[in-house]
Amino acid sequence: MSRELIEGSAAIAEAAIAAGCRFFAGYPMTPFTEVLEHFARRLPEVGGVCINAESELEAVGMAWGAVSTGARAATGSTGQGLSLMQESFSEITRAELPLVIVNMARGQGDYYQSTRGGGHGDYRHIVLAPIDIHEAVELTQLAFHLADAWRNPVLIYGDYLLAHTYEAVDIRALDFGELPAKDWAVDGSLGGTGHSRSVNPLGFRKGETGVDPDSMWKRLQAKHDAIEREEARCETEFVDDAETVVVAFGSLAKFARYAVRELRGEGVRVGYVRPITLWPFPSQALASACDGAANVAVLEQNAGQMIDDVRLALLGRAPVVAIGEISTDPAGFGVGPLLDPERVRGRIEAVLEAPPGGPR
Amino acid sequence: MRAIESRGTVTIAKQLCKGCELCIPACPPRVLEMSEAHNEQGFPYPELRPGCTGCGACLLVCPDFCFEVFLYREPVAHEVAP
Amino acid sequence: MLTGIGGQGVQLAAQVLARAAVREDRHAIYLGTYGGTMRGGNTDSTLVVGDAPISAPPIVSRTWAALAMHHQFWEPVRDKLRPGGVAMVNSPAFEGELDRERHRVFEVPATPIAAGLGGAMASSLVLAGAFAATTGLVELPSLIEAMRESLPPYRRQHLELNQAALAAGFEAGSPGAAPAWPKNGGAPA
Amino acid sequence: MSRLPVLDTDRPPQASAVKIARDKPDLLLTERHDLCPGCGEPLAMRVLLEAIEELDASRMAIGVVGIGCYTAFSPTMDVDSIQALHGRAPSVATGAKRMRPESLVFTLQGDGDMVNEGLQEVIHTAARGESVTCVLLNNGVFGETGGHMTATTVLGQRTKNSLDGRDAAYHGHPILIGDLLAQLGGTAYAARGAVDDAAGVARAKRMLRRAFQTQLRGEGFSFVEILTMCPTGWFIPTPDGPGYLDEVMGTVHVTGELKAGGKLTTTAELIARRGGREAPTA
Amino acid sequence: MSRLPVLDTDRPPQASAVKIARDKPDLLLTERHDLCPGCGEPLAMRVLLEAIEELDASRMAIGVVGIGCYTAFSPTMDVDSIQALHGRAPSVATGAKRMRPESLVFTLQGDGDMVNEGLQEVIHTAARGESVTCVLLNNGVFGETGGHMTATTVLGQRTKNSLDGRDAAYHGHPILIGDLLAQLGGTAYAARGAVDDAAGVARAKRMLRRAFQTQLRGEGFSFVEILTMCPTGWFIPTPDGPGYLDEVMGTVHVTGELKAGGKLTTTAELIARRGGREAPTA
Amino acid sequence: MSRELIEGSAAIAEAAIAAGCRFFAGYPMTPFTEVLEHFARRLPEVGGVCINAESELEAVGMAWGAVSTGARAATGSTGQGLSLMQESFSEITRAELPLVIVNMARGQGDYYQSTRGGGHGDYRHIVLAPIDIHEAVELTQLAFHLADAWRNPVLIYGDYLLAHTYEAVDIRALDFGELPAKDWAVDGSLGGTGHSRSVNPLGFRKGETGVDPDSMWKRLQAKHDAIEREEARCETEFVDDAETVVVAFGSLAKFARYAVRELRGEGVRVGYVRPITLWPFPSQALASACDGAANVAVLEQNAGQMIDDVRLALLGRAPVVAIGEISTDPAGFGVGPLLDPERVRGRIEAVLEAPPGGPR
Amino acid sequence: MRAIESRGTVTIAKQLCKGCELCIPACPPRVLEMSEAHNEQGFPYPELRPGCTGCGACLLVCPDFCFEVFLYREPVAHEVAP
Amino acid sequence: MLTGIGGQGVQLAAQVLARAAVREDRHAIYLGTYGGTMRGGNTDSTLVVGDAPISAPPIVSRTWAALAMHHQFWEPVRDKLRPGGVAMVNSPAFEGELDRERHRVFEVPATPIAAGLGGAMASSLVLAGAFAATTGLVELPSLIEAMRESLPPYRRQHLELNQAALAAGFEAGSPGAAPAWPKNGGAPA
């Protein structure tokens, strides 16, 4: 595709298709609906399948089935719809299936849900939070790659702005390197051979009557530890000599970065860190970026969730202050008054002017 | 001149009207017609011509609760151009 | 920024302007928002056009131009309009307050023009056409092509009406009255 | 006719007259709502609230509202209510009824809510014979999210994802929810009405009354489906709504009583009976 | 008779003989399992796997297994399989089939799984006309968690929470899932069998074959319900299982073909037809 | 009731009934099933209702309806079943309904789900984690009180051990003080008066067509802040002069406390802290208990979840080491080998012998 | 002495048997009877007496896959006490 | 600790002992666990009885007495048995290894006794009765009352058999051979 004005929702669907995604299932919910609509329009054109599932629970089940056959497949919703899928998310992670999940969230209140796993037990999804459509096109493709590489679900955290902004982007397939063969997938061909396969979250192997969840769960934990070491990503700007570091993610980070650039232009020693992966959280990068900072300001559009991870990364090495807040519109879609360049700049300035430890 | 009799009449809260026109065919004697003018919301609305029977059909089909229906104790006659 | 009441075609108009700008090799980013539930609430959209990739977020605090289809949700938009900015409104329906001292005001009888073409619902495109002509933001052919691309399949029957509306609007504009592209190449927002 | 004078309809008549019908039902706190022009849901809402008033049940009613365009009435209907999540109203109604057995508990749901997201809720509730009334506003689309196909969309019906009409081979078949519910052991009353014309609106009210009476007599589960116009989701002009409803939806989801007084009538039987014309039931 | 000698059954006969039936189906990796004595599920499992073998479909089958006692066969059945969550198998099967249209995709679910937890999954899948086969092992209880009542438990049936038999007034009515599914537009084949005796087991296999053939011919959704004994959940001695199944469950969930070759037969019709005796269908 | 040997599950049901609970709905799942069974047996005897719901989603819906009428009502499951209820949990919290939720978890892997809220958006449940049946009897009753006092869901975090241990307990109604009248509940009596009520998560009031989620969510946050200040509870032993402090919760804490008492008996300077409320987490109490400690050892039966809260409470003021692990049995019910007094003691001793910063 | 003819026979994997007794009434000629003895799992199991027809019913109803069924090419006669 | 195969009544036996102890004003805590799925796996139970409230958790590392219905899952239980502890097994079915040097071993033909009473499934209760007699943990009337309380409604038909089994077991025990309540009042575990 050449550079063309495209809605964020469409860009994500196109990027997924460029990455080889051939199955999608979802149920409409603002602001996720258009992602579903674009998949529904485009997948049949490339020989894929999009099902307008009858509910979120059925959507995730369908995606589970599709991804089990080795196909690249995805599902999604808003955070509310994803709440309904939590049992499946937890278990699909145990089944080690490379499902990609799109959360077109209503704001940033789903940070915990995305990064801690809203379901039962110990499991994690890799969470990618693009700042804009351009990055979304890249990260959507990366999501499919990481999912396959780790055999673990990957969640793309977007929001109303990402879904509904139009921008001209160039979408072409990206190459992230080789992947192992999907020698675990079921295609029906191995029955009766004694080597038939099973995709399952219970921790059994074909032919063995017993299950061993303890060691399966521990293996999973070891995998998650490895992901934590290897996959953290973040963007930093002006952090070397920053006295105040602003931390923000996703669409809201665009407001933060804009303000920080403006302030830098005015000579203010302020820096910016944006976790691109919300899990694994880029703790080390954040810690070194904040080395020497007098204040770390966390801008998020919720009651304070990512701030836990910032504090855990810094463990008291710098004062951490919250400069975000819950902020939504009358429809609850997450397009609140905080999403304003001047307001964001004002919040940052308040920290600059305050003594170390912040304005509160 | 001739006279047309109305056995009933209606009030129409035209500012509430959204111009859907559902009331027009619903009126058995067809005494409702859409206005040329538009209300504050920018919609045309129904206007009543003589001959209402007070049957209440318009009210039942109006999604915006615009109508009230009255039955005259004595039919009212309207003089109209021939 | 463009503002109106849901269903007035404001989003389509903004999208057409954005798409036309991209056709002319500019950078554009456009976002539509709804201020209430889906029906009957206000609908705003923000369009940022520039010569270089746009680092501004899709919601702005200040705007260089404001187009208004209806006065009902005009106030917050007007408050964001920079001194010297362009205010283009849909007369005579528009009854909002205009500050002719601070802003360059243009009144375009968009609804009457569109109604004359047989479809009041194309008023927003008349306004968009007039805006393009007045500011030189984009050319008419780009607008028309952009409109074609922007129409969803279930609106295809409106192609001709929309094209006529854009053309009539372009006609009704005041070319050169408020150039979008100053000599220094800076970006309007 | 257009040469006839336009009469004053801005105020009540001067001549002696009796008001025989009010603009909005008394149980609506305001006549304003932001549903689309030509929407059928407010019509169903009217008769639902009027049926409650007429049975003198206003002060014992609890309405459990699903999520769809009708949710707009959740704040404005003047009966005690519980706003449920999408699809979950029948279970919520069950819990409320069990704790307040003396009240009249009903749900207000759309086809997306009841037949997609929460299909098993209403089936289980009916099978259990819960003494609640589930009311379905069926327009064959998710109106609220933009007019997508639902599990009740009939073959050939236009929706946002079936602009050329629902196609069985690609989109599957519609569910006749009324028939499924009617045959369950716990269901005492089931009926399907439509608001495509004044007679239909009036008949829908009678069905609602019977359903509520069934509940008040403690006979079991009751169900009323009301077909409503959604010109927005069908992508048609508002005046075409009633005709489209009648010709497209109404020939599949045929109106009539499906279970009453212990007697079961299938939709197939209703179709046979009506022989191409309006069913004579109710 | 007891004075007759006991013959050696520890090894194959010495005299010339042909083996006409094997202990376990070839598609089972081991004959060991930990289901209860007298359980009917292994019997259904046998014919399910044999039907696949007989249709020469072993190397194209994908089984999607729900959660219940039958889950024990998920690791031991030698066909490619996906272990689904409780209630979710029909959607999982849908996703798999859509990506592997050439394969034979079936679910294996219990009544708790299919008719309680995931009721709407199977209904939606059927309405959509998905080309998958859903297999229900119906014992009227949650065997795995201790024998509680399910949505198919018939009136009068003993379960852990209905030790004196299910009572309609208190527990509600059973759902005849086969009838609901049969009448949906997307359903091409639906049948109900039972494993209470050898003839029933053999007939269940014929039904499974027909269902799979329906799928392989691409005619739409297919469904086979098999009534199975659960002496543990019914709190009865194992030898009483088949009789209890036949007399209690079998008179409500009557066996027979509910939809085949475009023809719909309701359970009520099956009952009428059989006049108190075994239904002659299939 | 007089002192009688009773299963944990039964004790919880009896305690709930003593607290006035008159409605329960649930769906069987090990090890929660017996809680449901006891409610099913007992509620009808006291004029209440227990519904064996057809699924977890329907169970939570029923409980939502019951609690909306002003009745004391509860639902529950294992963490896996609760995963299915997450959409409802999030929204029920917004609707400010005093629902009590019982999680008979399969181990301690549901800590995040319980304390962060597995659903969408910003919301919190008060989480009570009894150490044994005796405490469960008290905390179950407290749960109903706190739920009503704060109009917020309260979750009781138990596990297999709590559910299936038999002990002799004395269950009688406890008095936690006055509560405001439930002037928000719907009983059907106010229709047509112009003052009818609505219980809803959308933030509207009867008669107003608009909604205001922004201020509703902020009000909710303020309430949660207040709960955080006022309701944290914990148990400490021997912390005054402890060089090593062991932190554990729930059933596993009984093993920790037993070991700490043994070690203290042998003169070892080890202390013990047990959060009774997992949310609000007793951060202040923990911080002062750990004041001066050379090591803080966190014993939990999962991949490391509560340790986040311990670190957030201490912010680097003492080294925090994990001495727990994922540990389950072949059935996955959470009765793993870690649940052994000598093993737990061994883990603690390893920390004692290690240099500050712990054995890893 | 008289002779009973077996047209078929079975093998019984008695260690797998869980003693459910389903095979007993399922056998048309009723040639299966439960043992006095118990297997390793502690269950009694069926024993075969002369007269098997090789019909396979036992196999079809056995939940524990204990049976294999054979048809003799020539019926086998068992001498039994009168 | 008691061990057996699922379905052998081990849990009931443990519960009866615990309940009987409570009836005699002791403190008791008892926990049953299943080592696999519900059917056919091992089933263990742990019973802690004492004179004072019990602060030990319901899973122990060491035990004072072990009762075994079957040898299949005996090993881990035996390993927890303290030197000098009581091992009481269901002979002759039990084929596990016994360390007669370290432990005081008692063999009780529980299954034959129960079978003689008409129901092998009551074997565990025979063992429980014998254990109570041998250790003096509780008296027979308490056991019988405890059994009545412990039976779920769907097992009421077994009341008489169970009672006979407890009595026969109590009879078969060796009173005073391994006293549970030493003079000093310490608690066995």
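Here the chain labels run A, B, C, D, E, F, G and H in written order, and each chain numbers its own residues starting at 1.
Going forward, a contact is a pair of C-beta atoms (placed from the backbone, for glycine too) under 8 Å apart; a residue touches a chain by one contact, two chains touch by 3 or more.
Given the structure is predicted, the values throughout are model-derived calculations rather than measurements.
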Tell me, which chains sit next to both chain G and chain H? E
Would you kindly say which chain has the C-alpha centre located farthest from the C-alpha centre of chain H? B
Which pair, B-D or C-D, has more C-beta contacts? B-D
Counting only Cα atoms for the centres, state how far chain E is from chain F in Å. 40
Where the centres are mean C-alpha positions, what is the separation of chain F from chain G, in Å? 57
Centroid spacing, where centroids are CA-atom means, of chain C and chain E in whole angstrom: 63
Among all residues of chain A, which ones touch two or more of the remaining chains? 30, 54-55, 87, 91, 202, 210-211, 329-331
Going by residue number, chain D touches two or more other chains at 32-36, 72, 116, 118-120, 124, 146, 151, 160
Sites on chain C at which at least two other chains make contact: 36-38, 41
Show me the residue ranges of chain F that touch chain E in the complex, using the header's touch definition. 27-30, 33, 37, 40, 52, 54-56
In their shared complex, at which residues does chain D touch chain F? 26-27, 29-30, 32-34, 52-53, 57-62, 64, 71-72, 74-85, 88-100, 103-105, 120-121, 124
Residue numbers on chain H that touch chain E, as the complex places them: 36-41, 153-154
Which residues of chain C touch chain A in the complex? 15, 18-19, 22, 27-38, 41, 54-62, 149
Which positions of chain A touch chain E when the two form their complex? 22-23, 25, 49, 51, 53-55, 57-71, 73, 87-88, 91, 95, 186-194, 196-202, 204-209, 211
